[in-house]
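Common to both upcoming complexes is subunit A, partnered first by subunit B, then by subunit C.
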Partner chain A sequence: MNTFDLLMLGFSEAMTPANLGFCLIGALLGTLIGVLPGIGPTATIAVLLPITFFLPPLAGIIMLAGIYYGAQYGGSTTAILVNLPGEASAVVTTLDGYQMAQQGRAGAALAVAALGSFFAGTVATFGIAIAGPMLSSFALDFGPAEYVSLMLFGLLAATILASGPVLKAIGMILIGLLFGMVGTDQATGAERLTFGSIDLFDGIEFTVIAIGLFGFTEIITNLERSGSEGVKVAPLTRLWPTREDFRRAWPAVLRGTGIGTFLGILPGGGATLASFSSYSLEKKVSKNPRAFGHGAVEGVAAPEAANNAAAQSSFIPLLTLGIPSNNMMAMMLSAFMIHGITPGPTVLTNQPEIFWGLVASMWIGNLLLVVINLPLIGLWVRLLTVPYRLLYPAILLFCCVGIYSINNRIFDVLLAAGFGLLGYIFRKAKCEPGPLLLGFVLGPLLEANLRRALLISQGDASVFIERPISLTMLIATVVLLALMILPSFRKKREEAFQEEEA
Partner chain B sequence: MSGPGASKKGDLPDLLTAAIFIGFGALGLWLSRNLDGGTLSQMGAGYLPRAVSIILIVLGAAIGLKATRSASQPIEGLKLRPLLIITLSVIGFAYLAEHAGFVLASFWLVVAGTLADPGSRLRTTLLLAAGLTAFGALVFVKGLGVQIDLWPF
Partner chain C sequence: MKHLKTLSLAAALTASAAGMAHADWPTDRPIELIVAFAPGGGTDVMLRTLAPYLEAELDAQFPVLNRPGAAGEITYTALAQARPDGYTVSSLNTPGFLTMQIERKLRFEPSEICPIARIVEDPGLFVVPANSEFKSLTDLVAYAKEHPGAVSIGTTGVGTDEHLAMLQLERSAGVDLTAVPFTGSNDAKTALLGGHISAIGLNAGEYATADHNSMRAIGQFSEERSILAKDLPTAKEQGYDVIISSERGLAARCEVPEEIRARLADAVDKALANPEFQAQAAKQSVPLSFQSGADWQAAMPARLERYRSIFALMKEGQ
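Up next is the complex of A and B:
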């Protein structure tokens, strides 16, 4: 079958009423949590993971994916209208989007953001459709040594591109690896790190860690901060941008899409990094950089296109190589695993309907988002006025029921409470929990492949540098590490993240 | 071995990080003390846990050493109320769900959980608890078939 036939297969899968419905639910939920500050897509997906267990595999994955890219849309709505980024990736949108709204051009900003995102989403979806089969046929040649190098590269690159001090991030990965080792060792059958508790023999459930570290901790820290002032909503005006807006936004959208698609593929990339990079690029190429921060339409168009493109293209490494590139993708990986599907090159050949159905649903989801978002903006904005104290008990309940439902075990709920506590300590120590999740998910894979590679080579570690693909990956890892030590790059990176924190 | 940002980040958060890393590393070493290490070609169950724990300890020590020398920085916004109440309400939910059924557990979770927010009012809380419990019972227990008793009897 050629790509076209496969895409058609994908659309026929994605267009079944049930899958269409879950796509819509995902997109709506994503927009909702994108609009509501204090609830992020990571926590939401963590909470909903157990529920996908009750759904057919494709439907569950379609829904979770919808939440992820839907959140990018919703986050920008509040960024523009109330200067409140619903998601980290929408922080830069506040700079010019809110200014536009203040000048009475809120409608234009929203429309540019939505249309730009739709365009970017379309391009990135096609990117997946084209790159997916290519990369995965390449990955079929991978042996254990290649996978070890790829995972090392992925883990290290993820820490370097993600925010925060690198040493801490590496430490968090290591802690994640340790958590991943809890339970019965796959190779020898020995019990490891279990404190002798039978409840831990099967290891720690991913959802338990995810809900503990993201769900519970987020609630606790939000409550600490409490005291949300009243929200001032900028008046809504006519939606359609002027021709001038279009003329200026168009090239910005193109550039944003390019950057976003590229950065999304890189480990540790993803929506936030993409939107920041594209904003600074726009500022650089603009003839009138001083307009930025005062309602430049490019400053809305480019980051919005970029974050949406990146949200989609970050699926590429997961779907083709089975390697999640950020913590959102770690969630998606475990959503696949719940159904016994291991993402990677074999899914494309054995279960093409899963891959292509997801790709097709992403495009449909993006279309739905434009349709949902533009007319319903008034409704979303009104949701902003729902106080957090009414929301968090609901989230708390969903978290608890969700964890319990995985194994019908009270122990898991208690364990998650413990992880909530741990997550709180991490926050106070200013350690990002994201890398921990990556380490946890990749740990068992890394260990299995490392063992296999060294068993085949009879303990000779040179196997990793004798194979060309593996060597390339290791060199890339070393180069990345070297870059970190170079002062100029370090400064750049610090600046980039300072902007993010501001 | 100095990460970016480490130079600016000060005292306490980094010292706490060091304590966490060294603590987990030590715990990992202690727990894997009886595991078979094996050789590089035949890795035992203890090989990687030990390796990871040792790197973690080294990393923690490096961060800690640096932290003692850099400018002081406090740990921000420690408030015990939300932390304790949320944790306790979840633990309470766990026990109640097992022994007293979903309805009581959910009611407890919402009511106890809202205490974490000083601005909560009893009336809204009770209404919220009733609404969420009904929703949860219908959607999760009846609808999705989560294996949990509704009532203690």
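Up next is the complex of A and C:
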């Protein structure tokens, strides 16, 4: 059977009424938990996992997958409307998405995010179908040394996210690295920066730091404004993006899709790296980089496309090699194993209906998500006209519930409140929290892989330049660094941000 | 006789008075089940499969919470600091629980943690990529003799069973290997398939569910060949004294009332006898092996001594 026949087999499996129903349930549930800050797909799937015992294997897996990519859609909604990234990959969406909402273009931002995600999801789904096995072997070439170089590049590129001085951005990354170190050292069991507190034993949860720095800070900042009227948005002229928006968004979506599909297959921070790499790229190729951070439609389209493509393509290593690339995929692996299916090449040949049924259901699920989300845009946008005094206490409540539910600990809620205050100070000092979050996410990965790389090479650091992929990325890092130090570039960059200061 | 009756009545009264404090157990709150490993690993999948059966037995909820890292110390410390009300139980894994007592300064007092029941005993084995030149432990040892330190073994941390297997092999064969710690066996498998490390330690159960076209086991570390890997020679057959198996079960604080621990152990025993659970365990290649908490605890000191000697010899060799 060729790919086309197999895909048809997949569609015939995925289109059965029961499987369509479970796909819809998963997508709806995913959208819901994505919109609610703090409640992530990993927790939801862990809770629902035992239920799948009683479902046919494909139906259960289709539903769980639906939750996963549904949450990616839902997460962008809160990022755009209330400046709250639900997970690491949505951090960059807040930069321009929230600005667009402030300018009365929330509808356009949500529509671009939904359509961009749909397009990216479609491409990535067919990417899995056609090139899955080939791409997965590439992911395996990424060893510890390659990750070290990739993370270094990522950390440096994170400075591009900020629109202030480079030095401040680097400072924020370093603070992020410091927060990432809190907890027990995985290799030796030694405690770092826990101050003897058992609550810091596991380090700081991403959600705690993200909701604190973005959500709480936003609310505190808004308290400064007088009165309790709704967000001062420009009059809502239209819900739908303009033709100009589409013209600017589609190349960004294309690039985002490519980066997302590619980086999504890498284990670890794939989706996160994908969304902010694509944002950095857009800012680099744009003729008008100063628009970024002020509601540039490309700044929403590219990372949204990238993180959705990455969400899909992270299934590639799981389905073709049986290797989960993140916690979510580890959950999916458990779901497979509960039904006695071991994902890997043998499933592709012996149970093609499982693999292709899932691939087809992902495309159907993405279609369902657009259908669910587009009519809802009007409703979401109207949320912004709700007065602060009603909207913000509600957001605060959802945030607290979400944070508490991660570990059932009040400590996390207090910690998030502390980060809220810290975020407020950062905002007053004109330091942006985006680079801090990326330092926080990438730092621990960098450290663990640096150790592994040096253990394997028996302390020989030349391993980083001897391996071609690693060397390429190191060169890219050096080039980026040189560009930042060179006076002409610096001048241009400062010029770009001069206007905002004025 | 009457005297005896009074005594037993008094005992019953005392017991019920003690019972008052936890009369509602286990129905008024969910019982947190802390798993010391990342989602998707052998212990995690086994306990997630078991949880619904425990829920049915005790009519209580068992939410699973993963707190991976430091070979389980994070979980045991969390357990030791939880209130001793029977609403927090954790996974208990040997040899990790025992070996961490040897060299590390711990945040918890091991004697405060009491096993509830052993559920699984799963021998360790070494796995290499399918295209590796190592066909047996003998090949691996021969290469390591010529290239000290060049053979890297993926483990899931200091004092875990993979690490101990490696130490025993080093001692028995007189070679020098390099341990590379990973966050979980899935990460280690990925690095193995990419050819970044020479071999990884896995349990027979984990290997049985892995894809055998891409990786190959070269020796198992049990006294006799496991039912899960009948064709695989043991280390002893290949001439190396390496014995390691991973035992997995549940534990609670010793201060948790005896009665509650007994009910938990009973629920585990009944769940393990459930044919439906057994069928699911078989699908996942989990070698079930129930042992009561008391028996398991009694067997631990001897094992601890064995590991102590391995560590001592390792230090001597340095």
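Everything below uses one rule, namely that the second predicted complex is superposed on the first by the 267 of 502 C-alpha atoms of A that agree within 3 Å, B and C clash if a C-alpha of one lies under 4 Å from a C-alpha of the other, contacts with A are read in each partner's own complex, and residues count from 1 in each chain.
What we mean here is this: a contact is a pair of C-beta atoms (placed from the backbone, for glycine too) under 8 Å apart; a residue touches a chain by one contact, two chains touch by 3 or more.
These figures come from a predicted structure and were not determined experimentally.
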item: Subunit B versus subunit C as contact partner of A:L450, first or second or both or neither; value: first
item: Which superposed partner A:Y392 touches (first subunit B, second subunit C, both, neither); value: first
item: Touched partner set for A:L273, first subunit B, second subunit C, both or neither; value: neither
item: First (subunit B), second (subunit C), both or neither touched by A:A429; value: first
item: Subunit C versus subunit B, contacts on subunit A by residue; value: B
item: Contacts of A:L437 with subunit B and subunit C, given as first, second, both or neither; value: neither
item: First, second, both or neither for A:T188, with subunit B first and subunit C second; value: both
item: Touched partner set for A:I175, first subunit B, second subunit C, both or neither; value: first
item: First, second, both or neither for A:Q458, with subunit B first and subunit C second; value: both
item: Overlap of the subunit B and subunit C footprints on subunit A, listed as residue numbers; value: 185, 187-188, 408, 451, 455, 458
item: Complex interface listing, subunit C residues touching subunit A; value: 32, 38-41, 44-45, 48-49, 51-52, 63-65, 67, 69-71, 73-74, 77-78, 81, 100, 104, 107, 149-150, 152, 157-158, 178-184, 186-187, 189-191, 193-197, 209-211, 213-214, 280, 283-284
item: Subunit A to subunit C touching residues, read off their complex; value: 42, 46-47, 49-50, 53, 139-144, 183-189, 191, 198, 201-202, 267, 317, 321-325, 327, 329-331, 333-334, 337-340, 342, 344-346, 407-408, 448, 451-452, 455-456, 458
item: List of subunit B residues in touch with subunit A within their complex; value: 1-6, 8-9, 13-14, 16-17, 20-21, 24, 28, 31-32, 35-36, 39-46, 48-49, 52-53, 55-56, 59-60, 62-63, 75-79, 81-83, 86-87, 89-91, 93-95, 97-98, 106, 109-110, 113-114, 116-120, 124, 128-129, 132, 136, 140, 144-148
item: Parts of subunit A lying in touch with subunit B, wherever the complex brings them together; value: 51, 54, 164-168, 170-171, 174-175, 177-178, 181, 185, 187-188, 190, 192-195, 216, 219-221, 223-226, 388-390, 392-394, 396-397, 399-401, 404-405, 408, 410, 413-414, 416-417, 420-421, 424-426, 428-431, 447, 450-451, 454-455, 457-461, 484, 490-491, 493-494, 497
